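Labels for the chains are A, B, C and D, by order of writing; each one numbers its residues from 1.
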Amino acid sequence: MDNITLILPAKPEYVSLARLTIASVANNMGFSIEDVEDLKVAVSEACTNALSHSQNENGSYELTYVVDEGSLTFTVSDNGMGFEPDSVMAPQLDGEQVGGFGLFIIKSLMDQVEIVSRRGLGTSIRMVKNRSVCNEV
Amino acid sequence: MGMNEEQAVVKIKGEVDIYSVDQFRESIEKSMDQKTPKIILDCTDLSYIDSTGMGVLIEMRNKTMELGQKIVMKNPKPNVKKLLSLTGVDKIIDIIENSGGKR
Amino acid sequence: MDNITLILPAKPEYVSLARLTIASVANNMGFSIEDVEDLKVAVSEACTNALSHSQNENGSYELTYVVDEGSLTFTVSDNGMGFEPDSVMAPQLDGEQVGGFGLFIIKSLMDQVEIVSRRGLGTSIRMVKNRSVCNEV
Amino acid sequence: MGMNEEQAVVKIKGEVDIYSVDQFRESIEKSMDQKTPKIILDCTDLSYIDSTGMGVLIEMRNKTMELGQKIVMKNPKPNVKKLLSLTGVDKIIDIIENSGGKR
């Protein structure tokens, strides 16, 4: 079990570093191309939320990747304003709603999602992607 | 950006995320100014998009519809198509493949 | 001034992540291709030393990148056995010596190098690369 | 790996660093077994090398010399050449460019 930590400035231009690093780690683990693309989206959505909803202009946020035999577990943690995960409504998929897709996309693409959030303290979202055997080439 | 009488073409390149999304919006808005009935977003070289891009696509689709224009996405990669489908954006924006065959 | 921190497992397979991240940061800063290559080598040499000389088998080591207007400052810090930087001899460049090139290469490629090392506590090497105006295309 | 009577050719691909350096050494050692007088390391697709690779190059150069063989590096990229020159390895290992012209 290997741990990687990445602390990024809370600025849009560094979200690509989160994608770059997770793609590299997942590639080396043998994830399929499709899974790697899913992981890039999931980590970006979590970073985007850390930036957009955390009011922490000059701050930073933290990513961790935990490399395991059969899975990649990663978390995105901010010190932002927090929220109540259970009160977030599922988006309408009729194409009329402009926002609110982030958490929905993460839950659709990842095998496990856990959100811990405290009002005024921050949010940590933990995602797990299993390396499916049948996806291996 | 290219055009003929009927359509404007915008080439979307690289990654659309929270950093580049404003530029993405601007390039579509710019092509709207040509007032062609069709606006083709050529996605051949679009390697990545996420919810920030989906939001702009919905926004721009609604805006063009009001003006009697129509956005069409051309040749999106599998990962892009997956997001369009997941968010239902493919129900309101037409997608065409490279050959020109409608999906 | 933006700060990026990367904590990596002390294992050879993760050194490429150090290269990947510094190349991405330096590219976005507008460093020339040659400078980016130099930065990749310098960060790798420092990581290789952190792994090779730090006896910290199951440990980790830390990288920081500080993005400034005109320069990229980065450090590689380990909790290893430490050494006395002044007692390291310059390598012989007659092609007969197999090792001892790491620090020499770093000093050759970077604009500033500072080593802080404490026996038994660890080593931190700080490198600066200036974005030279004349290198810009 | 290819060979004719005179020379063995080893294609070196990707990055040589502390992780891949053992594989780099092994691929050179393997080509030594063919006992050709010349061993060409084709570096066309070698994108990165550092001091770990320089160490192996010196080691292998010394070993081949003892056996009456000779290592030649073919078509290294500028960043690779820079390291060869910085460490003086280019003084003991010949470098040839793609055209075959000796440097």
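Convention: a residue touches a chain if its C-beta (ideal position, glycine included) is under 8 Å from a C-beta of that chain, and two chains touch if they have at least 3 such contacts.
Bear in mind the structure is a predicted one, so any value in this text is a computation, not a measurement.
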Could you give the separation in Å between the centres of subunit A and subunit B, each centre being the mean of its C-alpha atoms?
25
Roughly how far is subunit B from subunit C, centre to centre by C-alpha average, rounded to an integer in Å?
42
What positions in subunit B touch 2 or more of the other chains?
none
Touching at least two other chains at once: which residues of subunit A meet that condition?
13, 16
Once you draw an edge for every pair of touching chains, what topology comes out, line, ring, star, complete or other?
line
Write out all the pairs of touching chains, ordered by chain label.
A-B, A-C, C-D
Using the touch definition from the top, list the residues of subunit D that touch subunit C in their complex.
15, 17-19, 48, 50-52, 54-55, 58-59, 61-62, 78-79, 82-83, 86-89, 91-93
Spell out the part of subunit A that touches subunit B in their complex, as residue ranges.
12-13, 15-16, 19, 34, 37, 40-41, 44-45, 47-48, 51-52, 91-99, 101-102, 104-105, 108-109
Subunit C contacts subunit A in the complex at 2-9, 11, 13-14, 16-17, 20-21, 24-25, 28, 60
